[in-house]
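Labels A, B and C are assigned to the chains in the order they are written; within every chain, residues are numbered from 1.
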Amino acid sequence: MGGERLKIILSLTPPLLIIITLFFGGIFYGLLQSLGYQPAIGKYDINFSAYYNVMFSERYARLFWTGLGLNLWVSFASTFLAAVFALFAALAIRKTFFAKTICNFIYSLNLPMPHLVVAVGMIFVFSQSGLLARFASQLGFINSPGEFPVLVRDKYGFGIILAYIWKEAAFFFIILMSVLQSLGENFEELAQSLGANKWQRFRYVILPLVMPNLFSASIIVFAFSFGAYEVPALLGVIYPQMLPVMAFEFFLNPDLNARSEGMALSIIIALIVMILVIIYFWLTQAKIRKD
Amino acid sequence: MSDLKIINLVKNFQGMDRPAVNNVNLDIHSGELVAFLGPSGCGKTTILKMITGLFDPDNGDIKLDNQTLLTTPTEKRGVVMVFQNYLLFPYMNVNENVGFALKMKGVEQSIIDTKVREMLDLVKLPDIGLRKPKQLSGGQQQRVALARALIASPRLLLLDEPLSNLDAHLRDEMRELIVTIQKKLNVTTIFVTHDQEEAVLLADKIALIFDGELQNYTSPKNYYERPKNTEAAKFFGGVNFIKTKKNNNQLETELGDLVYDGNNIDELEIENIITIRPENIKISDKNKYDHNSFKGTIKSVIFSGTHTRYKILINNIQLECSLQSVGINNIKENDEIYVHLPKNKIWGMND
Amino acid sequence: MNNNLKKINIYAIYLGAFILILPLIAFFINAFSFRWFYPQIIPKELSLQAWVRLKLIPKPGQRTFESFLDLWASNPTVIKALINSLTIGFIVTVVSIIIALPAARVLGLLNFRFKKLIIFIMVSPTILPPIAFVLGLNINFISLGFSGSFFGVCLVHLVPIMPYVVLTMTGIFANYNPDFEHQARTLGANKTKTFFLITLPAIAPGMVVAALFAFLVSWSQYLLTFLIGAGKIMTLPLLVFSTASSGNPALTAAISIIFIFPAILILFFTSKFVSGESGATSGFGKI
């Protein structure tokens, strides 16, 4: 009996050790620093001044709140649009037709592509000297690069949203295809035989069927896009800045106070994501209780 | 062929309020075909797994040819097991599966090929060597599993529920195959089952196990005619139990007095139970005997093919009698009948 | 009516597919052009100049096999970054699988107290964004001397990788029947032979999927490598980022093509696995 217990503990220790020391250790250390505890320079007291500064001080308040707004807007918009796009694509593609496999492949193509590359791709296609602008110019819609709207490196995060949509739509697409293909057809045919038209079938059969998966996938995508650094760093502007970029810049500032503020910001980001996840679990539990 | 001794074997599992295996002692002789029989969860498979080395006992010893097995790792015990779901290695074909044990021993490939062919012939599947397990039927898989187990001449063969996954007709074939091979190779074999018919048909001796404890270890016939207690008797399909008071050498019952021939009269307590197999009860419309004969009424007649069962009420006691359907006629419900319990066919048990 | 709808359907799909590949097309055109100015759709000049500038292809007139090798051996930035990315990816993949294997076996086959808590801990790095832990970790690493080291970068890459590897392999073991191992043991196979002949073939497909994840996740890391590497460790994503910020599209495109090459390879390879494996897809979504 003891031997088995020992075996379990020994097997689980290496990965647990790595995650606890590196991941939780890193968060914990960042938390401490954000609360002003910096033994390296002799500060042992705990205070929330870094948090206060980040959110409410004259220097940063506007930056923070616009950044937060931008973050939320970007995450919501990209998650929602990616889901919608993928849903329609999945619905359209699942009926067999000529180039189905190729289209299937293309729509899921972006899945293993690194986010950075997708972001660069957005620059190539959507910038004012990008492919789309060139098409527009050739077709006579515009006369100069300046006339093409600013879609990447813009104030509203359009480029960032586009990059996320490009990538996450593939993610949604694959999930939806597997759900629809395993269950969707039977239910749809049944509803059809009971007299439901296309819209009714969509609303009463397909939508409820895919909602649970869509919902959990959306939480994953939202949480990820909210806290990610790479894409906004490449495609964003100086003001307004998305929070992860802001946190990183604060951190790189040689001023130690700014460093604490950067940590505080990253903790705030983590807290927001955590709250979202908790809300998600609470909502799904509520649903289960309702059923 | 080897002798197996199980000595004071004990095994406890977390979460169970009684030991899974409680002080089991068993002596199995070389070449015997023995059944571990008992309901699900009685510990029979656990004992098997301790013999192969999957579990270590908490107490006691297991000796093969008078040498303890407990200090030997599984792969060196020479004890081979055939699982209930055969477990043919899915990534190997039949030849590779069957030859596995010899390959582990480092035998030359050409010799392995010959022996594999021999074993496949023995189990009557000569042509399937290159097939993969998923291409075989259940019965074929089991034969391959058997061939695989026997190729390296194991000292002990263990079979876990060998017939329970098979249809009725396959069961007969497999039963014959197991018995033939076992006798031919003379390998000591233990098989585990919950089906007493199966045990009775296959085994030389049956170890009856309830709740982790060994009830009895004897020939199938004895379980029918001389069961140790009511629970054991019921497990083998016994249905006639008569409460008895011992008075010197007479047995007093609600039916009347019984004359008893059994050789365990001295071990019987004052209050004990008499049992008799349905097929040993004699009935007739005339009273032919001067002892152990009682008058009763037929309560029901149930035809079950080769046999017909009669439920008879005598005073307040109901007895069930089973006779061959051929040759008896004209016995109907509510008929009055004379029932004779031969004195050498009744058996007394304490509880 | 239905037919027309169908046609619109199909054309919409083709349009969508075309739009989706647009970036790829842009990449390839950029990478193989010279002076591809606005508003040309097709560059006037196709050339390999970007690749020459990156010191990946020798100048025209010198393109022999030896000169390729000489060029690469002189260790231009791109080759250095490529080697680093490959090495780090390979190391963390192998290490993560070795570490995860026993844990996954225990999690997949056994039940024990705190199991749910342990699984939660294992999965937590996928829930919170990397910025939450890497800042604090960086300070630690600096004081420990890991900052700017190869070892430090490999270590930090393990954090986002371990959850996926553990989870994927746990799934494999949950569907695995350990009785096969005991069967082999009774037939005379010792523990080592049993592992290599019985266990490994059974879990190999799952291991391959887990390895591919691990590699891709490590391959795509930017923030972690940038911060912990402290400018001393150059990997391909860092190179892509800096070149993209510098504004030369041809160079950026060329490096990006090298960068996405493994992803495309893996896409072809796993197109059988990906359909229906939601664990797999959520992993890819995070890259």
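Basically, contacts are C-beta pairs under 8 Å (C-beta built on N, C-alpha and C of every residue); 3 or more make two chains touch, one makes a residue touch a chain.
If you're wondering where the values come from, they're calculated on a predicted model, not measured in any experiment.
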Chain pair whose interface holds the most contacting C-beta pairs: A-C
Maximum centroid distance from subunit B, chain identifier (CA atoms): A
Centre-of-Cα separation between subunit C and subunit A, whole angstrom: 18
Length of the line joining the C-alpha centres of subunit B and subunit C, rounded to whole Å: 59
Centre distance in Å when subunit A and subunit B are each reduced to the mean of their C-alpha atoms: 64
Contact footprint of subunit C on subunit B as seen in their complex: 52-54, 73-77, 79-81, 83, 85, 87, 89-91, 100-101, 104-105, 148-149, 152
Subunit B-facing residues of subunit C, complex: 177, 179-180, 182-190, 193, 197-198, 201-202
For the subunit A and subunit C complex, residues of the former touching the latter: 7-8, 10-12, 14-16, 18-20, 22-33, 40, 85, 89, 92-93, 97-99, 102-103, 105-125, 129-135, 137-138, 145, 166-168, 171, 174-175, 177-178, 182, 217, 220-221, 223-224, 226-230, 233-234, 244, 247-248, 251, 262-263, 266-267, 269-270, 273-274, 277
Sites on subunit C touched by subunit A in the complex: 9-10, 12-14, 16-17, 20-27, 30, 38-41, 99-100, 102-103, 105-107, 110, 112, 118, 121-122, 124-125, 127-137, 139-140, 143, 155-156, 158-159, 162-163, 166, 216, 219-220, 222-223, 237, 240-241, 244-245, 249, 252-253, 256, 259-260, 263-264, 266-267, 271, 274-276, 278, 281-282, 284-287
